[in-house]
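Structure, as structure tokens:
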Amino acid sequence: MADSRPSLRTYSYLGPRGTFTEAALAQVPEAVGQNWRSVNNVGEALDDVIEGRSDAAVIAIENSIEGGVSVAQDALATMPGLRIVGEYLVPVNFVLVARRGTTLADVKVVNAHPVAYAQCHNWMDATLPEHGHIPATSNVAAASALFENNLADAAIAPPGIVAHYDVDVLAENIGDNPNAVTRFLLVSKTTALPEPTGADKTSLIAELPVDRAGALLELLEQFSTRGVNMSLIESRPIGDELGRYRFIIDADGHIRDERVADALLGVRRFSPGVMFLGSYPRADKASITFDPKYSDDVFVEARDWLRGLITGEPEA
Amino acid sequence: MADSRPSLRTYSYLGPRGTFTEAALAQVPEAVGQNWRSVNNVGEALDDVIEGRSDAAVIAIENSIEGGVSVAQDALATMPGLRIVGEYLVPVNFVLVARRGTTLADVKVVNAHPVAYAQCHNWMDATLPEHGHIPATSNVAAASALFENNLADAAIAPPGIVAHYDVDVLAENIGDNPNAVTRFLLVSKTTALPEPTGADKTSLIAELPVDRAGALLELLEQFSTRGVNMSLIESRPIGDELGRYRFIIDADGHIRDERVADALLGVRRFSPGVMFLGSYPRADKASITFDPKYSDDVFVEARDWLRGLITGEPEA
Amino acid sequence: MADSRPSLRTYSYLGPRGTFTEAALAQVPEAVGQNWRSVNNVGEALDDVIEGRSDAAVIAIENSIEGGVSVAQDALATMPGLRIVGEYLVPVNFVLVARRGTTLADVKVVNAHPVAYAQCHNWMDATLPEHGHIPATSNVAAASALFENNLADAAIAPPGIVAHYDVDVLAENIGDNPNAVTRFLLVSKTTALPEPTGADKTSLIAELPVDRAGALLELLEQFSTRGVNMSLIESRPIGDELGRYRFIIDADGHIRDERVADALLGVRRFSPGVMFLGSYPRADKASITFDPKYSDDVFVEARDWLRGLITGEPEA
Amino acid sequence: MADSRPSLRTYSYLGPRGTFTEAALAQVPEAVGQNWRSVNNVGEALDDVIEGRSDAAVIAIENSIEGGVSVAQDALATMPGLRIVGEYLVPVNFVLVARRGTTLADVKVVNAHPVAYAQCHNWMDATLPEHGHIPATSNVAAASALFENNLADAAIAPPGIVAHYDVDVLAENIGDNPNAVTRFLLVSKTTALPEPTGADKTSLIAELPVDRAGALLELLEQFSTRGVNMSLIESRPIGDELGRYRFIIDADGHIRDERVADALLGVRRFSPGVMFLGSYPRADKASITFDPKYSDDVFVEARDWLRGLITGEPEA
């Protein structure tokens, strides 16, 4: 699977093999049989896309427990030229793995990425009350470290790890929340919009134009006055000083939906510091519902009416 | 002054000669030297326009003391096909007139239109505490009645009356409020819009789509979220049952101003029951001021941005 | 029925006997058998109350076709010390009456109050296309004039007129809108509030504090953010200059309802120029419905919570 | 400095000695000379307070670059009975330290907490382009690890580290953003409110009552309609499913300010799922400015007015 095969598309993902991100990439239909490029972090994955080494990248954007993935949100906010073209959900289950022959009773020290460790906190405390913790840089690195040194006796890892490492699974489903899920985005440079499906999402990042009471309110009104629901709103510091934020917003609908387009116009007029990140099908395929008074034909009718008034045609 | 002169335009107004409406018509530059057609009421004046007997009509729409002229508001709301093309202000002064030879001391009974009578109430009570009042159908009819019967000794009339009747002026400026003014509209069937002047007004009539808490609020937000000020908002009963209203609105600006056009789009989407009555220069020629964030170029830029996103052009 | 009977209460109303206002007064339970004082206009009726000549007055405030009764609205706005304590609805039907022996075919000239005349316009045009109109100062005056001079052959009058004048009824139900109704208020000086009934109305008059985009919006938000519906909102010119308005508002609910009280607090903070006119049972006895999240116990719970926080009690 | 000295108050902080959190604790006047208790994480620090092992804890809550400290926000949201009583700002500077005798040229592998590492990314890439990175569990642990094994040649650490470890400082101010600052909170169990200072902040956490368009808007309006500015609003997943959030809000002002108290009432009525976290002096001591129409006396006057109406006192 080399970059030199020109007929294959390349997809960057947080590797190595076995990560949750790889599991997300496995859900991307058009990536099947293509070149999968493992990278070390979100920044590298998006750099690959911008600099043409990859056609697209899969990045984790939000965890149902941990919240937004700040580094991914900040990367999208500061790396222009990217577009979200797909969304995928991966259940977050963890297994405790060890070198062959190890038993639970042998486990004194556990290697684990801090986030995974936090999500298995209750299970670990109940099952291995005396354990120590060594932090790993990633979930897969926690497992691979078992074979690089003897610092840890076991590792917390994604279920997919067993396909890549010769480990014993000491326990399954050790995460504290059985419904935990991580949301991933497929990001490319294309500016061609996926077709509306009726179950779409539109992502953008907006800075507030001024720091005053009501500025955020005014931003949100751009959506509510057009009947557009937001499934996500998160603040991230702009980074220059305390108290200055940009907002990551996921709105229901597609930019080709009239109400969404009109909301975007309102946002743009309100704040020139707005980035459109894409309109793409929702992972959950849930159809967007909205008040019929915000349907496309209402917008079209109003525009026709206005045009008639301005051009002087008699009112129908 | 006959309708048969085809080269003249015809202007209907509430007559006869001497009314405040005639004074308003005298302010209309393009009406000078044209055919002035005196009618008996607002309905007749607007009927003349609709049926082609007149090119335009001048009607009183609001008095600074009495408020909106209901009959004119209701006529505009229910007679489709009309457009406001101009606005004129006439100071409301009254004189007390009588047949030649009459003195103030002779005055026992006064003929007056009820509205005029109300506006001179203080002066009348102070000067003629014992007088009786006979209602007249119009200000000029009050004066003309002096010559038709002997029921009244004097009449309250507009100052212009002296050009048309052989009367003595017993007192001038008898109105209780020296700043009283009446606003008149010039109404035609044209759908060609007057050019924007920077000091324009846009009039419309909107019905609330549903009778619920917040419906009026939602209507008003269509203006406020685009920085469009309203100089007038009046409710009028629709007439079918108590509690159902339409709203007469004068908004600052011209329909060719982007923020006004966008507000009209919002209003139309909110309520199909909206009538555009016209965009026309304000009588007071006061330039419209608005927050620069609602200027035309902001709207144009946002539209260009959106178009680029939808067509897939790279973002600037 | 003399003022000298000290044990009787006195009620002022727009007379004489036979008016719609008298019909409204007849609906006031506590006025039965008391002293009914006929006056010439709304101002006199309210003056009677303020100066103690009457205990209460009945005044017309709104007609389903003509809209708000401006003179009554303005009187309430400018005469402090009054309170609305009741509301009554009177169907607006008209009869055409004439001196005994007159037939429809005899009718050439009709005496009618201009408002009544306007409301019978269609019937008059269809039935008596050639008739002339003499304006009367009131509906009853139109009938009584039949016996004072021979200027008119018939009069438009309220149905109750037959109890007071020896007339022939030439036609009944001649009003153009069979559902027309006029709303009347019972006004007194008492500051004791009627008990809440669950079907109440609260009336107030508010001036906008400043003339800017959004001021009216901010006023209305005081109600909508507390889930309080408005059954009436009307603008009236303050009268000092064009473009300055006060707003007459009828809100659903009683001042002792928490959400109404809180809305009034908001209005008062927003505009010191607010007059509370009263909380009183609705004429239509329709129970007020509102979102349970604005119920009294929600307000009480929040206040208890806040008090605990401020006094330092541990949070429940 | 032992826990056994009963006359001393105990303050928990993220240790060990040398952390930024210790630098924050050093700013707390009342903590000088008291018992400082080093713990391993935010959860332990807050547990100490709840269970009475400490009188208060200092925790990092927001970094100007990284954003909100999720674990601290979530801990405050889920551990009832805590109150914020103070706020402190610590500039975030980093030094590169090594065992005595090491030079920059010797550095191949750097031990660093991932967040610190990210904040020194540019400097590291420019100065040590070939370096490797070993993650540490904390900034101080990065330094201490230098003396526990030979895995790393240098460590990124806070400037205060030199007081506790025998290291050479290879470089100072290696953070990429010279204005970086971290905000810390002092948290206790007291429910006694600090006195208002005119430069206060009020913190709360609110859940949206329903997942619908406009719910967040309605929450924010509780503040904006009382002229209360928010210096912080952050969403955090509630954790039960994707798309459900709670909001962490810092509002300008003190709960004893009328406008803040009224906003809290509105928030509580809107969402019973609201936690008041405290009103306390701002670290930056910047006086709160607000529109005079939201001043205390306006609230008091309105309340007096309402009380008079309800009790039946004549209106002033």
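For reference, chains read A, B, C and D in written order, and residue numbers begin at 1 within each chain.
The working rule: a residue touches a chain if its C-beta (ideal position, glycine included) is under 8 Å from a C-beta of that chain, and two chains touch if they have at least 3 such contacts.
All of these numbers come straight from a predicted model, not from anything done at the bench.
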Chains touching both subunit C and subunit D
none
Rounded to the nearest 5 degrees, what is the angle of the rotation that puts subunit B onto subunit D, matching CA atoms?
180
Across the interface between the identical copies subunit A and subunit B, with over half of residue numbers shared counting as same and under half as different, the residues used are same
Where subunit A and subunit B are represented by their mean Cα positions, the distance between them in whole Å:
58
Just curious, how far off is subunit D from subunit A if you go by their C-alpha centres, in Å?
26
Using the touch rule from the top of the page, what residues of subunit B touch 2 or more other chains?
221
Just spell out which pairs of chains touch, all of them.
A-B, A-D, B-C, C-D
Which stretch or stretches of subunit C touch subunit D in the complex?
80-81, 191-193, 209, 218, 221, 225, 255-256, 261, 264-266, 268-270, 272, 275-276, 293-294, 298-299, 301-303, 305-306, 309-310, 312-315
So in the complex, which bits of subunit C are touching subunit B?
62-68, 70-71, 89, 114, 118, 133, 135-137, 177, 179, 181, 183, 212-214, 216-217, 220-221, 223-224, 227-237, 239-243, 245
